[in-house]
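Chain nomenclature is as follows: A, B, C, D, E and F, assigned in order of appearance, with residue numbering initiated at 1 for each chain independently.
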Amino acid sequence: MANCPECGAELSLHDDVETGEIIDCGTCGGELEVVATGPVELETAPELEEDWGE
Amino acid sequence: MSHTASVVGASGFTGGELLRLLHAHPEFEIAQATSREYANKTVGSVHPNLRELDVRFSEPTGLDSVDVLFAATPHGVSMKHIDAFQEAADTVVDLSADFRLDSEAEYDEWYDGHSRPELLDESVYALPERNREELSDASLIAAGGCNATATILGLAPLFDGGILDGSEQLVVDVKVGSSEGGAGSSKASSHAERSGVVRPYAPTGHRHEAEIQAEFGCETAFSAHAVDMTRGAAATCHVFPNGPVTTGDLWGAFRETYDDEPFVRLVAGGTGVYRYPEPKAVAGTNYAEVGFELDPSNERIVVFSAIDNMMKGSAGQAVHAANISCGFEETAGLGFQGLHPVGAP
Amino acid sequence: MSHTASVVGASGFTGGELLRLLHAHPEFEIAQATSREYANKTVGSVHPNLRELDVRFSEPTGLDSVDVLFAATPHGVSMKHIDAFQEAADTVVDLSADFRLDSEAEYDEWYDGHSRPELLDESVYALPERNREELSDASLIAAGGCNATATILGLAPLFDGGILDGSEQLVVDVKVGSSEGGAGSSKASSHAERSGVVRPYAPTGHRHEAEIQAEFGCETAFSAHAVDMTRGAAATCHVFPNGPVTTGDLWGAFRETYDDEPFVRLVAGGTGVYRYPEPKAVAGTNYAEVGFELDPSNERIVVFSAIDNMMKGSAGQAVHAANISCGFEETAGLGFQGLHPVGAP
Amino acid sequence: MSHTASVVGASGFTGGELLRLLHAHPEFEIAQATSREYANKTVGSVHPNLRELDVRFSEPTGLDSVDVLFAATPHGVSMKHIDAFQEAADTVVDLSADFRLDSEAEYDEWYDGHSRPELLDESVYALPERNREELSDASLIAAGGCNATATILGLAPLFDGGILDGSEQLVVDVKVGSSEGGAGSSKASSHAERSGVVRPYAPTGHRHEAEIQAEFGCETAFSAHAVDMTRGAAATCHVFPNGPVTTGDLWGAFRETYDDEPFVRLVAGGTGVYRYPEPKAVAGTNYAEVGFELDPSNERIVVFSAIDNMMKGSAGQAVHAANISCGFEETAGLGFQGLHPVGAP
Amino acid sequence: MSHTASVVGASGFTGGELLRLLHAHPEFEIAQATSREYANKTVGSVHPNLRELDVRFSEPTGLDSVDVLFAATPHGVSMKHIDAFQEAADTVVDLSADFRLDSEAEYDEWYDGHSRPELLDESVYALPERNREELSDASLIAAGGCNATATILGLAPLFDGGILDGSEQLVVDVKVGSSEGGAGSSKASSHAERSGVVRPYAPTGHRHEAEIQAEFGCETAFSAHAVDMTRGAAATCHVFPNGPVTTGDLWGAFRETYDDEPFVRLVAGGTGVYRYPEPKAVAGTNYAEVGFELDPSNERIVVFSAIDNMMKGSAGQAVHAANISCGFEETAGLGFQGLHPVGAP
Amino acid sequence: MANCPECGAELSLHDDVETGEIIDCGTCGGELEVVATGPVELETAPELEEDWGE
């Protein structure tokens, strides 16, 4: 369990989550990096500007 | 199976949705499904998805006694037959506009008056996210208008959170599917003419403005466009708050309003194909998707809200409200999650 | 909740359908959902209808032990990883073509051979209407091809009832939606190019002919056309029986074959809008609609069959077969009745 | 501008197409455009693409004298008013079925008889690819049926080239757009019900079989399906020749029949997105695309043919025939090449 | 045939439109049509509507000398190759954004800078309704952005007529078709995902805001939504003027601005199916439909504007501008009136 | 020739136009009544509230 630093939503994570893993937030869709485990801490991952086309 | 329910206007589009929902509902049993045109025919002859149902349409005269009566009839019918409906059922849930507004004056302004204004005090606007309390012992329930529902759900967090106070300019630009027009037929709604449109059909003066105004006490500049889908209403609200707002403020407000709501999903951003609310993501379901984007250069908040006009925007909202009124699990019978991929549902 | 299930290829179209079905299934619990591309992301980031699911994709390597493993991967993947799949699960249900045919020779003729031909004897073709018995203790199940499923369901009563014996000329003209191509992208499948088409895409030599031939022992002249829908496969079979046939014979045959089938609806005639099988009437469901018309002047039977290619034509069929194999209620988790009206789902 | 032309039934779908074509035609000037419902209104009020035209509808009674009168009215109207039409114009081109067949007997069999059978000898079936000679001095011209036109254009090379002799089994499976039904409205043709369909609507006994039979002297097993497009008719003919045929034979036959035809394109194979005839590639044009695939394992030829039902299948064919009858350049006024990309036109 | 013209980027969507227009143009002859991917193939292999053209793609390197070169390449390509383009042609018409804005600063703000800012003074924004004079001797012409074009055409009468002065709040809500994204492919643009959407794709910060701002000197609150059509851009502008306005004022302003314009149609009101501007009524044409509705209760003007994004919004505008620059009839080659009925073109 | 009283657009009319005829304006779509001929005068026709679906 951890909270999204972007939108504040609660995220459930698998037990063996590892530092450095990139996950998404199911609410705001933000890409988050696991920066610490036990307890889990998340940071917004560096954005990968993705062209979404028209 | 604790309760019986009837549907008046069951051959129509939202009437068919009611039958679909009630049939799969753990607490309801369908008593009657009325149609004047198709009386005695199987419901499956009109609604091909309901061929498994062993129910035939009956005339709307001669209503049996039931726990809940749902009326899915055009504007004006319920106010005319409300005595018969209330005699037949403890709880009446009306999908039309007949009992949505609070006063005769509003019906004079937006409709052609009202023949039973004394009932307007008693009736409760169905949207559970706004009126859950009042619904718990309501006996006359008015399901909201689909465009109004989409708009209200989108804007509510801004009013709840004090980001708007009603003095701001609100522009609401809505895109809707063809089922909003009901099961009738006309040249404008024929496939050849209606396909592929972006058609302004209520550029100004849309009656749903009245419901939005009733909720928030402010006017909205509302326009609706028909687009090429059958189900769906998507409201884009362009809002200019009086003071500065951050994305964090907005997340706070939206989460505060909706975190515990079983049928509202916050969708804003991300990296995939679906980054904001989209009607096809909720087609067939009772979910609303709500999200936003902040436009700092224009000091604007753009709020997106997407629902299935016949579900969250009508029949689903009606069943949700009936669940509350009857004391059932709120989500009973409303569990369908929708489809992916899905084209233009 | 008695059984655990995993989906390999869960980011794809049929994989998403499996997740949807398993999530709402009274007897299954989702253990893993694999994707190489989206590992660690929520399943809702790909399948917007599954945002409520609290499941993240995991890598397909590292499969946990489960009761049933569903593989929704492209042709060739399952035969390569079948040992890992069988090690992880008692029952493997594969949605690809890898285990549908009976012999290596058929894979040499229609595909590019087979790397594990010794398993072909063991595997059971999933269509319950044809193989219910064998499915009851199957541990390797191959869900049918969607076009083959539609065709087989349409023609079966004619073979069962002795109206056809395999010596007749059979023409099968199929119309399919874009989800049949899976979640990838190409110029031909882009919205601008793919919208509004009637596009012959497999005029001759379609691989599903092999499955039809395996079922009835006869050749079919098969052609497929892409049309403008996302879900759906509709097969029109033009059949010329050797002897005279009456409408009564046909009704007899069709009712004999399907009267007790929970997922097959006979639809032929009537007065409403929906008189014959139509894919949009079954979109999102595990139902097949089957019907016919007799053409006396051409001594022809026209058989119509409509399914949702991802449901009855794949993921729904897979879950139906798994229900049988696991000893569950056949219809468990497959109760959705579909929508009306619905556009191009 | 040498000729005047009027359109009776100008508020309908094919009537609108006639106005569009005549307006841009170098040799024709529009005299009258009739409509009973919209008399006195601008043609642009019904056909939004014709807002530039300075023409108002007039009543169909009171026809002025013109060179060519086009009748785009429902079946039965032309045979009733043919004297008035012929009095008003030297040349009458009728888009309905009223003068397509050769004998009263055929009208008794396929329609409800004929009130002016003596004119059937005089009238010429409009398809220039088949009747160019006869059209050159025809004064009563009957534009073909759209499905018949597509089918005839597809099969003609096989009959011309001696690959078929009329004794073979011919299956014709047609997919058509919603404009085929004309400008009226009904529940079945409403956007919500008609979108996304693959709907068998004339499984057997379609009246266009009569025209195909009249052309080739053989029966066809014909079925039509409504699909989700507005314009277009695509015929897939599944044909089983008596003797062996090679791809070379087929190319020879198709090129022999169509090499000099200005409005027929051979399309078969290639590597891009569009490999076979497709209706959307010819939408809005007078072109037919025709192509084939050989199925050696089934000794079958699959012929594909695609047209715009309102153009090559009706109004375009009518103008093409009028061009011939009036001695104009065949392609006059018919130069539009169509659009790419185009969705579901 | 007085002029030669080449198209760089001819395998793309707007490049194909240019070929279509130039082929049917009375004054232009096509010299070269470039494509790197399809070099040496016939243009008909990519654009099925151009199968009649006897032109093959050539490499963009090795440009012959021509009168006019049209560049239909992605942003960034023209500024890189502009020397080669100007060496090959007296007049260069660029369809990309590379030469639309006036200053390097704007490219820094809205794009990623500019490599040839010294040319920005010389280049003329193509929209003839705004820049007819300057176009008459322009040698570097920049066709406008499609959404900007729609918006500018809608708002221009209000600024011209002094109803707006730039200090008002302007909300622009645009709905666009899939061809706006060009001929590439991605998951988001696949038929299964893109069908039936109302998808916010540029909620804020759309680059076309820059062009609108350049025209009127004011900011707009702009949002774009993808909807289910292939061609078309429809802008709804919600505008709140500072002082009172009547319908008569609006008609005056709109007629003043557009009465003599060959490609702008005023459409507002009436009784038929098409009462306001709609993109499908102008699909395939160079027309813009512009109209409005006054909302007295909100003191709002709603302006509607509809174009074909690839025509008036790009290739048609480019040819229109080239006609002016070359001294041809303005409407040369742009006479197509569009289709009715038409589905989702 | 006459001008639309609603939007001011020029309307071309057939020669034998009669008083009482209802015509539409091609620009604003307004329904107009011919109230005089020679020269033609037009007035906005009493509106017929038409339901346009939805």
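In this section, contacts are C-beta pairs under 8 Å (C-beta built on N, C-alpha and C of every residue); 3 or more make two chains touch, one makes a residue touch a chain.
Remember, it's a predicted structure, so these values are computed and weren't measured experimentally.
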Comparison of B-C and A-C by number of C-beta pairs in contact, larger one: B-C
Equivalent interface positions on subunit B and subunit E, same or different at half: same
Far-end chain from subunit F, centres as C-alpha averages: A
Furthest chain, CA centroid comparison against subunit D: A
Whole-Å gap separating subunit C and subunit E, where each centre is the average of the chain's CA atoms: 45
Distance from the mean Cα position of subunit F to that of subunit A, given in whole angstrom: 65
Whole-Å gap between the CA centroids of subunit E and subunit F: 34
Chain centre separation in whole Å, for subunit F relative to subunit B (CA means): 40
Set of subunit F residues in contact with two or more other chains: 24, 29, 52
Subunit E, residues touching no fewer than two other chains: 13, 177-179, 181, 183-184, 186-189, 191-192, 195-196, 228-230, 267, 270-273, 275, 278, 341-345
In the complex with subunit B, residue positions of subunit D that touch it: 13, 177-179, 181, 183-187, 189-192, 194-196, 228, 230, 343-344
Contacting residues of subunit B [partner subunit C, same complex]: 13, 16, 20, 23-24, 45-52, 177-179, 183, 229-231, 265, 267, 270-274, 278, 281-285, 335-345
Contact footprint of subunit A on subunit B as seen in their complex: 247, 251-252, 255, 266-272, 275
Residues of subunit F that touch subunit D when the two form their complex: 12, 14, 21-24, 26, 29
Parts of subunit B lying in touch with subunit E, wherever the complex brings them together: 169, 171, 173, 175, 187-188, 191-193, 195-200, 203-205, 219-221, 223, 225, 227-229, 232, 234, 236, 238, 240, 273, 275-280, 293-295, 297-298, 300, 302, 304, 306, 341-345
